[in-house]
Amino acid sequence: MTDVNLDFTTTRLGECRVRSPMSGSEFIDDDARVLYHCDFKHVAEIMAAGRKPPQFECAGPRSKLYFDPSKLKCGIVTCGGLCPGLNNVIRAIVLSLSHHYGIRTIFGFRYGFEGLAAGYGHEPLELDPERVSDIHQEGGTILGSSRGPQDPADMVDTLERMNVGLLFTIGGDGTLKGASAIAEEIGRRGLKIGVVGVPKTIDNDISYVQQSFGFQTAVSESRRAISSAHAEAQGARNGIGLVKLMGRESGFIAGYATLANSEVNYCLVPEVRFSLAGLLDSLKRRLERRRHAVIVAGEGAGQDLLTATNEKDASGNVKFGDIGLFLKDRITAFFRSEKLDLSLKYIDPSYMIRSMPADPHDSAFCLLLGHNAAHAGMAGFTNMVVGYWKGEFTHVPIPLATSHRKKIDTHGRLWSAVLESTGQPREM
Amino acid sequence: MTDVNLDFTTTRLGECRVRSPMSGSEFIDDDARVLYHCDFKHVAEIMAAGRKPPQFECAGPRSKLYFDPSKLKCGIVTCGGLCPGLNNVIRAIVLSLSHHYGIRTIFGFRYGFEGLAAGYGHEPLELDPERVSDIHQEGGTILGSSRGPQDPADMVDTLERMNVGLLFTIGGDGTLKGASAIAEEIGRRGLKIGVVGVPKTIDNDISYVQQSFGFQTAVSESRRAISSAHAEAQGARNGIGLVKLMGRESGFIAGYATLANSEVNYCLVPEVRFSLAGLLDSLKRRLERRRHAVIVAGEGAGQDLLTATNEKDASGNVKFGDIGLFLKDRITAFFRSEKLDLSLKYIDPSYMIRSMPADPHDSAFCLLLGHNAAHAGMAGFTNMVVGYWKGEFTHVPIPLATSHRKKIDTHGRLWSAVLESTGQPREM
Amino acid sequence: MTDVNLDFTTTRLGECRVRSPMSGSEFIDDDARVLYHCDFKHVAEIMAAGRKPPQFECAGPRSKLYFDPSKLKCGIVTCGGLCPGLNNVIRAIVLSLSHHYGIRTIFGFRYGFEGLAAGYGHEPLELDPERVSDIHQEGGTILGSSRGPQDPADMVDTLERMNVGLLFTIGGDGTLKGASAIAEEIGRRGLKIGVVGVPKTIDNDISYVQQSFGFQTAVSESRRAISSAHAEAQGARNGIGLVKLMGRESGFIAGYATLANSEVNYCLVPEVRFSLAGLLDSLKRRLERRRHAVIVAGEGAGQDLLTATNEKDASGNVKFGDIGLFLKDRITAFFRSEKLDLSLKYIDPSYMIRSMPADPHDSAFCLLLGHNAAHAGMAGFTNMVVGYWKGEFTHVPIPLATSHRKKIDTHGRLWSAVLESTGQPREM
Amino acid sequence: MTDVNLDFTTTRLGECRVRSPMSGSEFIDDDARVLYHCDFKHVAEIMAAGRKPPQFECAGPRSKLYFDPSKLKCGIVTCGGLCPGLNNVIRAIVLSLSHHYGIRTIFGFRYGFEGLAAGYGHEPLELDPERVSDIHQEGGTILGSSRGPQDPADMVDTLERMNVGLLFTIGGDGTLKGASAIAEEIGRRGLKIGVVGVPKTIDNDISYVQQSFGFQTAVSESRRAISSAHAEAQGARNGIGLVKLMGRESGFIAGYATLANSEVNYCLVPEVRFSLAGLLDSLKRRLERRRHAVIVAGEGAGQDLLTATNEKDASGNVKFGDIGLFLKDRITAFFRSEKLDLSLKYIDPSYMIRSMPADPHDSAFCLLLGHNAAHAGMAGFTNMVVGYWKGEFTHVPIPLATSHRKKIDTHGRLWSAVLESTGQPREM
């Protein structure tokens, strides 16, 4: 019962006194909640212990708003690496602010937090429904992005100077921490500026959020790389197709791609250690038997095997050694030492995946995410992100969402299904 | 609290005494449950009333089996119209029975229930992992299909004669009722034959099942038709693009396709009545303003406007009037009577959608559905289907699954989002 | 030697005295020619008879222009049905006029010839490189289109009033005849206005033009419909998948689609008569043997079997009877009379094909077509279209291009290959 | 008039006395020819000089065959790197040999020339229509492939031992030279074994062959990589997207991909030298102006800038330095030295492109190529390949086809159009 003390209550800027202009809509009650645990045994145990089971606030339009739409200016910023659906989320926020609430001024800050910081001189774009009407058909982000934090004081200065009352930040773990720092600086200054996040993680590794946008498109697009690896592997005697997929801390993309493509023989993820000798031995036996093999590796897999670099990127993430190149070199050397011919083809499709437009599922998902972000912001919720849990859109406090990474449960059904699909040994 | 009395307990053939050969896997406890309601207020109310909240059995492999794999013969049958993923489900069941349990004999009955009935002379295919290894890359079903029931006595005769102990039926509402009739006949004869269903409904309208396979592929594939309708509408003065999508009783495909494609101006679904005059009036005003419009209609929409036919198809479904042709004719006539030029293009992509191969998401989903069907069958569950609820695979008794159709909640967020996306009037 | 007298010499508005601003480019000589016949026997025979073999003028930029770019205004119009690549051609003409020649004013006339006619009040769009930069990613035409001619006098009045010196018409047979009528009216008035066509025929049936834009995209997109028909046919006992493709006078789309998709068993085209009884008999025998069949019919196939309607559409084309519905009805009736079950699925993907964006091949092709149209116009060529012959872009006088329709040679290799691929009888 | 002495006459094994079993087909006359030059000036000049203009033999079925189909055994081998369409060509040869000629025994030699050589022990596959019916839907080659030559004496021993009378080799420049060596060894032994090639070059660089199979699919598939590079470049301040495409000696893929995708700003090909300083200077100015750039480089571009390696691969090709990594390093270093931030993303999609299934155009093209290879072989043509010229299938002697590589004419329209499309300087 480790999660029994979780409290998903979010912060609000103040009382909501403005009547929502959304007519004919179904408003969500402030006290609507969705259970964190849905297995009854767990819930019953918690209740038997006299505790209230943890539960999320439900997202959605409120009948009473904190902000007066006629006076509010908003801003949107996208940070970090590309992810399918960024433009969809920008578009959905702009459409909801404009059409549902009648907001007139929405700034699109350029190139991530740089666009809010002093000294870069990036002029924001002015966003309106016409400007964003078709942007979802392109990958990437029309606002541009950048990695790394900026001084919160500088950024709040910008918000004050431009009279922005509501800021939407679309980004990953680092971005959300930056957004939280902005919210704290706003609090220190006693300002009434809302900060609402939309969590962006192509790896699907943000805690307390069941699925993040772009993840499914990424899994789908991996099919092309895996099919290519399979064709290359089959096209040569002792052919190996090696594909590196995204997944720094969590192997969800590699795992689901394995289930979605039946051609994978080894799926390597950050959550499961393996020994190089064990992998090489298993590979050798498979090639003897089947003459080809397909390996998929999440980028964070096998990091313990690589020499630590200690370098960090602009976002402060530790720079990972490249497991793809490492495996390519080691497998090649091993088979050479065994005097066995080998044809290994290494495919790294990451940039081609993350820059894709959202697929139809993610398009609909981003539309609803963006709407719910706008609804949350207008109702005064702050220092929170819009999440998704058991089929419902939710609110999650940023500090909780960034408290740790979500990982594959290596004793759960997903990982068992991966092992069953590949036929790889549970331990190597 | 209408659902408080729901009981999702399924039937089992008998006690499980055979140790599962699945090694290293994580077995599911027989008493694992997932809550039907996940909003806490609801659950708390039920418990306050001294009741147990309704909950589903969790699917998954059991440590003890009912059947002895070394002696069991299985059969698979696909019925009704095509749906993306049929071959994936067949493949997953075969792979699980073979690889997880070591079953040697699996019959693929041809052309639906005809393949089990007397008098057609269809020889079953013998299925094994090699035969099914690549079938998921093609749409359709390698077994063939047919509509309509056959005599349960005939079919149980076939099962007895061929010594089949476990039958998997993949099909929709009618098929599941047929499967239930088979299970009852088996019961009357005191036989120990399991009947496990995998619910197939491209419309996603089976009760107590959150998402059915093929649905997401269908929504994705509708994009192409809607984009075409949009290009045709924009390419002409007073251009209208009209798309008929699947959805006899429920408008989920039309609704989600509308959210996934931002070009729809009118979304018509079976759940929401509209007046023809209201639609025509709104259309006329839109064309004056924007010169083009895109309409998406689920096939069951507006049936009250059509003359009843009373015909039934081979599956016993009432034959619907064709809302697409009806709207095409009425809209054309109306604009002619108004002396307004019109260019209406009508697109019916249904056969092109339902015959597609499963997309990567549905591929992974079908793999797990098929595995769980095999697990359920081996553990002696019968007269039930494998469902999906709040992210978990579940068991649902067939009589409950076929008790009524799932429909769009017209007061819920999905329909609100559709209205917000199209800008169509809530009432026409 | 029927073609020996062909003369492909085009008309020019006058002498070219303006130096082209295209620097560093390779100009094409005015006397460059490409042979109409490339088989040597033919050429040698003609020369032996003391004749000059027919040959096309080569398209491409000229070093001397007729028009002074600093003073020229241009117009573009798209007419008739949609075709993949329309926006690409518009874009290529605008980019070439702007970037190669420095033209400042380019009108996009709306809704076909209506946009040039009196009384409709359509305001033209102003086109420039920014406006057209991304339009090729969408199907359809940003200018809109319409069918049918307008009064040439009215249209020339518009050109005069707006001071347009060069008009580009993108359209099919009817449009080119309309363009020719405009050119004649211009001649009668002694004006110096150029009229340059880009032939649009998804059917690829314009004479003296080897391949027209959009044709290849159309063939590619037909794959989806044919695969669906195949899945439907295989999914039922005695399943027939019937696909109607474009092709009023010529079966090139149906023929090439048959070669590109190995699942077609009967390919019916306008050029080859067949008897209904012969088809039904062959079908019956095939179903007995194989239990399924796929039929592809060009829309002009079997018109002699249908009752003549004598109706004409707005473009003046005879309205064809619907061979798809006809075959559907007759095949169904025949098998009913033979007391044989049948499951026939009819797919008409025409609107979904013609509204697609151009594929990469057609994108590059349209780019070069549009450039060459701009080059031709600037060099004073008029009453001509840009064609393509033996790998070279050419000029073709409109009267020749519209003199008759190009058809499949039923004694040539294409049709033989179709018969070899389907296995259908040469005569039915 | 450098090409005036070309002689495309091919070798034949002997007189053709067997009547072709192809009934109802249109046979091609042995003296049918297609002109090498189609510009009339050129042809007229040659004829005026009393010479016969160079011309290709036309491919196609002959009424008289060299081989007696009832006694002939055939073999097929695929060599070198993957290319879209390999399986289509295998399939087309098998279908034509079986259905048109009734050949019963067709061996598919495994893993390239290894499958014909001594000492590897690869058992050939037996190919028939059922085995190959669906293989064209997968990329790669079902036969497997390998690089590098084998001893011709060994390989002819194998052909003799297995009684193979007709060998089809599908491969590139090295393979064709190997095939020619086999034909010579056959000649030395006085055997009557035919060797017919189908030229495989994804780079489209085989001489006297206008288009090779897989080329168009490769150009199409490059769109995805270029769009991704564009999204990445636009998503960052000073973003550069760098794509390496195939093209060792010839830049056709890079050039056509540039025309097909309007987002390329620099297209670098082997045929056009550039200075690194010139490129960097132009890039810097572009980033100042537009903040992003997309570069496409054929793999053989800029090899003079790289340190020569002198290494060779198994096919005997000089190992090229990696222009992609070189440019990535140098551009990054340059901007660092200029104290300018830069975000460069490097994409190498080569393996993902060459392993794709053929697109519909290439599918039809491969079908006809394979048919014509079978026709040529049956009619006793040997030491030749099936080519394509001015819309006709042709025969080309292997020594001519491998005499030199086809390259982009840097003074022709293709390269001019590339420069016009990118806006890059003609000289850097």
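In this document, chain identifiers A, B, C and D correspond to the written order of the chains, with residue numbering beginning at 1 in each.
Everything that follows uses one rule, which is that a residue touches a chain if its C-beta (ideal position, glycine included) is under 8 Å from a C-beta of that chain, and two chains touch if they have at least 3 such contacts.
Note that the coordinates shown come from a computational prediction; the quantities given were computed from them, not determined experimentally.
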Identity of the chain that, by mean CA position, is farthest from subunit C: A
Homomeric contact subunit A-subunit D: same or different residue positions, threshold half: same
CA centroid of subunit B to CA centroid of subunit D, Å: 46
Computed distance of Cα centres, subunit D from subunit A, in Å: 42
Between subunit C and subunit D, centroid-to-centroid distance (C-alpha), Å: 30
Subunit C-touching residues of subunit D, taken from the complex the two chains share: 24-26, 31-35, 38-41, 43, 47, 53, 55, 58, 60, 96, 99-100, 133, 136, 210, 216, 219-220, 222-223, 256-257, 259-262, 359-361, 363-364, 367-368, 371, 390-393, 411-413, 416-417, 419-421, 423, 426
Of subunit D, residues touching subunit A in the complex: 82, 110-111, 114, 122, 138-142, 144-146, 224-225, 227-232, 234-237, 239, 345-349, 351-352, 355-356
